[in-house]
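Once you scroll down, you'll see the structures, which are given as structure tokens.
Both of the next two complexes hold chain A, though its partner changes from chain B to chain C.
What follows is the complex of A and B.
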């Protein structure tokens, strides 16, 4: 192998660092066996690099390649999908790295590295993800630089300043391209990230679920309002409605179909047609407009304040007036909502639905059922029944994150024995009580409140909440939150006012709200993240058009293209100018400058001064060619010698004058 | 027009040669100004664009701004590299110091000096087509000597092809290069060709050693007859005396100083004669003999030593070399 083809050792070192950096963010997402395999291959590569082990032969390589592809297929059931494809990418980059022994192989690995780095963004788009990707990029660039540098390992650091310089100089060019490069949108359908590990509120509710969520913490979504943020007690973010109870767990009604129309009314922005039943809910006049950026949950439901209207394709409204997204929320999802906090539903509940909303499992919670029937007879109206129940729990009950475990008759035990619980206990027992009393009721889950940071609202998993909705004749579904009866401050000012240290997950910044420095830092990070989302991640075609309109007043493709090319050229021109300034020739010392000016006057005359020719030799040649100027030539040469060699300033001054006057004509 | 008809490739080649002639005329020293530099993406560069396009597809299909930004970052990197690759050569000064004389077919050692100017430069490659390759780094303001070898193809003042100065620093995405004509003339001796010993020259003066030689005039001695000896030289008198069959041998004064004489190599063409003379000159110098050279129009009297050898070889190298070059040129054009 020729020396030129060999991979320099400094390049190896950079490449190893870059590979590790590229793999880490994906490594946590890969199947465990693959992560282990990657570490083994990496170890092999290091040992190869140290000259301890040898290259794998063809058989080993084939076995590794086929084995890992089959393994991935067995793991995921398909190779078409984002996760298996990324896993495959990781394997191919590592196997390529293992077998590389030529410069060209290194280039392939580096380019694969660029591609792999970009796939990180499909899973995380935070500021940190971007900065981390820049680090990966710098390492890969350093590897690529050192590939052409032929240095020893000890000199590997030499590549980094250059890499940093190039990466930094690329940033302004990148910004211009980012702002102005034409946006074409999705060209074809692509598989989205799938995850079994859903986050946030799940599609069912059992005792203990919500206290667990509250303790874990983590960002759920941010909401930015067009006007003022409504009062904390009005911030009930509806997620999903649970109507079916099996004695322990609440889950949504599993409707196969819904008499009188589709179950979900999907938004169709082209026709903007709405299903008839959507007009049954009448807003009373308390509109709020806001935008939500939902963190990926890998579940379909979207959160919104009551009576929400979304105008986003791929979303739809259910018969419960909650919103869902097609395919689930696998990446951060941004949607605008118009809500009406007060609304009425004047229609009657259809009998079949009424039956569903009164469903109770047989032989569960006998004492609750009996009490409910008795109270229902004693009270004149539904409203009175509700206040009696709320009064009952206000007096006796405790709102706690650490409720005791419950046995078979969860509600009986809770209402008449432990009397300690979290929101799901209150909501669940209230709904069961109401149903037993013959009042249609259901559980609603979602979030309540949120933390106001600057001008936006940050809603955490700690704000997860469950409440109830009760059907009252002529009013429709009315929200009743039994938790507010027990712990009014939970509703008025948030869970932290009740449990300042509710989050006990050591990995969550929310666990350290009591340390003011960390709390401030947490808020600051949230602000960055929010602005990042707002200005960077949400930048789209419309923003681009807006930006161009701001610059030119009107927009055409020609404007955009010209601005982009001009901007890129301008920046590269500036960098060029900087280097030109650095490399400009040093000015000649006085005397020499004049003499060279003098010599230049002989240009195209036949006597040009040769490089290295002495001043006297030149003068002699010049005089013999132009005898009419002999005196002037000799005078100038004499002044030059006096001025430069004897440092005679007067001579220098005179030289300047004489040279200026001198002319061959 | 005729050129165009022959092949577009050749046409562009000749156009490029014309640009080279105009922008980079032969000169002992060259400052690599923008007129003299060319820059184009390498294969790696095209691969990089392909990778960038893939990242862009990810970005646009997932409508993922960060992946898009990343692809623009790569694109920006590609553009910024033009500048860095270019500036790695720009304004460097290249000068030829010396070119060692060699025998035709051997490689001449060429000493160049590269002055990086006020910028430090990395991984600049100097090479001659089918000659040696050298990759060097240069600190700012630090002139450095570069030694290269270029094979010679014909004798005389050999003009090597243009020197290729190129760099792909920093990322190998772009190749910036110049084809520099440093006006190098390599004194190329004829290729030595082994031949028998030089026929010795007979001299009439009484100098040198006595040698028995056919065709000498003075009787020297008698020796036993061997088949093949000329019948004319048989010593019939001695035979008559019964002394057996003897042959008369004659001798002459022979010039021991070797004359490498054009005229003695009968029946050979110019180049063959020069090659043989070259071999004999080197051989004679090795043996420590005095030798002189006689070629049409030039006579160098016998002597020895390195300087003498160089003078002789130079005369051989430059003997009618223009004719030889012209002949080669016409031959090449015919092909």
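What follows is the complex of A and C.
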């Protein structure tokens, strides 16, 4: 009969737990039918484990395999791409797990599990994803350990602490590889996950958009300043400029409407050539330098304080002096910005551009247009006109997260009927009013303010804001924020001071700022996340080279390789040394030590003491082999017996001397 | 003391020829107030040894032949209604003696075997709810045939544990056997033996033997031995604490019998097969025959010096 390789049941149990843990993070990304299939296969496996069902036969396995392959193909149309690949991996690991009944199969599944764990990082690289991956690793190692143990089911839990220990021991090696392993450019291009779902500020603005965004919450970006964080009222994070109004919705100018010239000036660190229109924006001298880590938005624009200067390849500046990134921000993006809070922006406005910034749809908001024209004649300067409008809204208007719905003539209704609105209502009506009065104006969207956590500034979706820019002769584009006239504290100290519970999304931690414990926790998590991003995720080839330079002064592949090998060897050596030290032979108590020394003198003489042989028996054998030493041997044995077993200290002393003197020669 | 032991051994050897070591063991067992189990084939001199011991030590002696129909009352005695006095009077059984020879103890039913339990452990028997003290000293020397023989009830572990030692006599040497065959039956000489012991002397031995020193290194060695039997996979169970205490008790007596005030590892090595051989069991052995071999393995694997 062939030898049956029994797989310990503990191993199955751990493996099931590990598989569940490994699949969960991918579960939500998979097509629904595949998630259901995985759950069914898992159920089958559990029933197998319980001995209720039997293994699938060859036909069932073939149908399952072909069925899932066809399913995947129909779902994605291709296998090239991250999502289909992961889906394929998931289905294969589960099917393999279903049929495993030999040790070899279990090993295959465990290693597939390790691989799958690493694919989690293609989708999420937060500190929590890392900790979760460590958990998956520990579970898989526990399965691996229990594969080689024959234990009772009740002792199953014992494998986990051991696995934890192994994973912890591997962390130093992990660190060394992380720090030193050469960061090779991608050998193959994995199409990164593409998401249609954009988060944050979108490329258009209609009444109600921003209040919705504010209620939703979620992190937008973090900014860490080289110096002090500027005053809250100066933190206008420009995102994009909206110049086209269709009666309800604001959107950016279509590129087609810009005649000639480059619309975007891409950064090219090699040539550092700049488009001529960039010189029209001049810093006046209030520089701030900072670094931003932007959460993925799947949109191209980057947020920065005006007047910003980025030096990052793949970024470019538009003619509106906002910054964008090639291909959109699909993963966290870190960039350095040099800004100047005092600036002059575009003192000369080309006539074609002026035309665009005065655009208004016909037959909308007649009362606003009429009032604007009348006020423009009454006021002598643009500045006076602006302050008259701001005075007008200061008196009667309410800043609210719950603005009433507006009909066709949104601005008319807002200005003379509802008089209740959020930032987009104020910004939009102000710009339309100005345009009707013949002053070039435009809406700017982005974020205003942010929450200071430790030494960095965290900007949330709740800080989303819309304001206006007005072009004034000899001054260029000037920022005017009508919201500040209605709700000055929104600008001075942030949205949370006006609406402490603005975020009402129950999934967002920001909804619970009123519970101080949760609020502290949220801040702590943000700090971890920020540091994780800063120290771990941003560790790249340049940092690596820098580190090696710090250690060796210069960098070569040889150095890196040697350090890596040496480091790993050192860690393994230390761990081994620790275990050796734990189990090292204890020094013999006095007397026994001397006797053992005495026995060692008989080495290679033909009479060596056997394990378990007592002193008398040994002495007898030794004396018969070396009759010339009989007296000395018997004396030593007698002293040993007296010293050790009768605890006679004088005998011990004498024993020491006698053993020292004793020699076979 | 050594002199006394030697003369005892010499006296007994007049009847039990060529078994000095076993005689010494038996003496060590009795001097440690322990009960002795002699296991061997029929006709090896088990009963003779027991009889001789009783005679030489000057102990009151009775013998019970265990058979399959023996009842507990046959050993401990019965209360019989006395019509003259109109009350029950107790007729003590053979157990009320100083040395009880339980011959072929494994031939009887477990019920009767366990009637001995209380007597061996507590030195008393309870009859009709009445505890009766047994004479002091009280020894049980049981003999048993190897369990492979037909018609035996093997003693359970708990009962085996009550015996301080298990020894077997083995075939005599060829020249000893020749002398036996040529000469007269040495058993006839039992009546001629001198009594060399008194109960007072026996009590003195108990007292003095208890004061024999066990050094730290020796205790380390004992603990290593015990731990080995408990952790090694060869054993289905290791030495119990009672087993370890028994070993210490015997070792003290043994050292005292050899005129030493301290135990040495050789004492343990010589005693271990007899004292724990019946208390350990090979993991793969269900008949309990492998004790001696196992103990040999313990002694060969646990070093004296460590």
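As a working rule, the second predicted complex is superposed on the first by the 553 of 665 C-alpha atoms of A that agree within 3 Å, B and C clash if a C-alpha of one lies under 4 Å from a C-alpha of the other, contacts with A are read in each partner's own complex, and residues count from 1 in each chain.
The definition used in the following text is that contacts are C-beta pairs under 8 Å (C-beta built on N, C-alpha and C of every residue); 3 or more make two chains touch, one makes a residue touch a chain.
As the structure is a prediction and not an experimental result, all values here were calculated from the model.
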>> Is A:610 touching anything from chain B or chain C once the two structures are fitted on A? First, second, both or neither.
In response: second
> Counting only touches as set out at the top, which of chain B and chain C does A:595 meet: first, second, both, neither?
Replying inline: second
>> Tell me which touches more residues of chain A here: chain C or chain B.
In response: B
> After lining up the shared chain so the two structures overlap, which partner does A:570 touch, if you call chain B first and chain C second: first, second, both or neither?
Replying inline: neither
>> Contact-wise, after the overlay, does A:537 reach chain B, chain C, both or neither (first, second, both, neither)?
In response: first
>> After the superposition on A, what does A:384 contact: first (chain B), second (chain C), both or neither?
In response: neither
>> Taking the superposition on A as described, I'd like to know which of chain B and chain C A:646 touches: first, second, both or neither.
In response: second
> Where on chain A do the contacts from chain B and from chain C line up?
Replying inline: 611
> Residues of chain A touching chain C in their complex?
Replying inline: 588-589, 591-592, 595-596, 599, 610-617, 641, 644-647
>> Taking the touch rule as given, give the residues of chain B at its contact with chain A in the complex, in rising order.
In response: 29, 44, 47-48, 50-52, 54-55, 57-77, 79-84, 87, 90-91, 117-119, 122-123, 133, 135, 168-172
>> Could you list, by residue number, the parts of chain A that touch chain B in their complex?
In response: 4, 107, 111, 114-115, 117-119, 121-122, 125, 129-130, 133-134, 137, 141, 144-145, 147-150, 162, 166-167, 169-171, 173-174, 177-178, 181, 183-188, 190, 192, 331, 536-540, 568, 572, 575-576, 579, 582-584, 586, 611
> If you look only at chain C, which of its residues touch chain A in the complex?
Replying inline: 213, 215-218, 220, 260-266, 269, 299-306
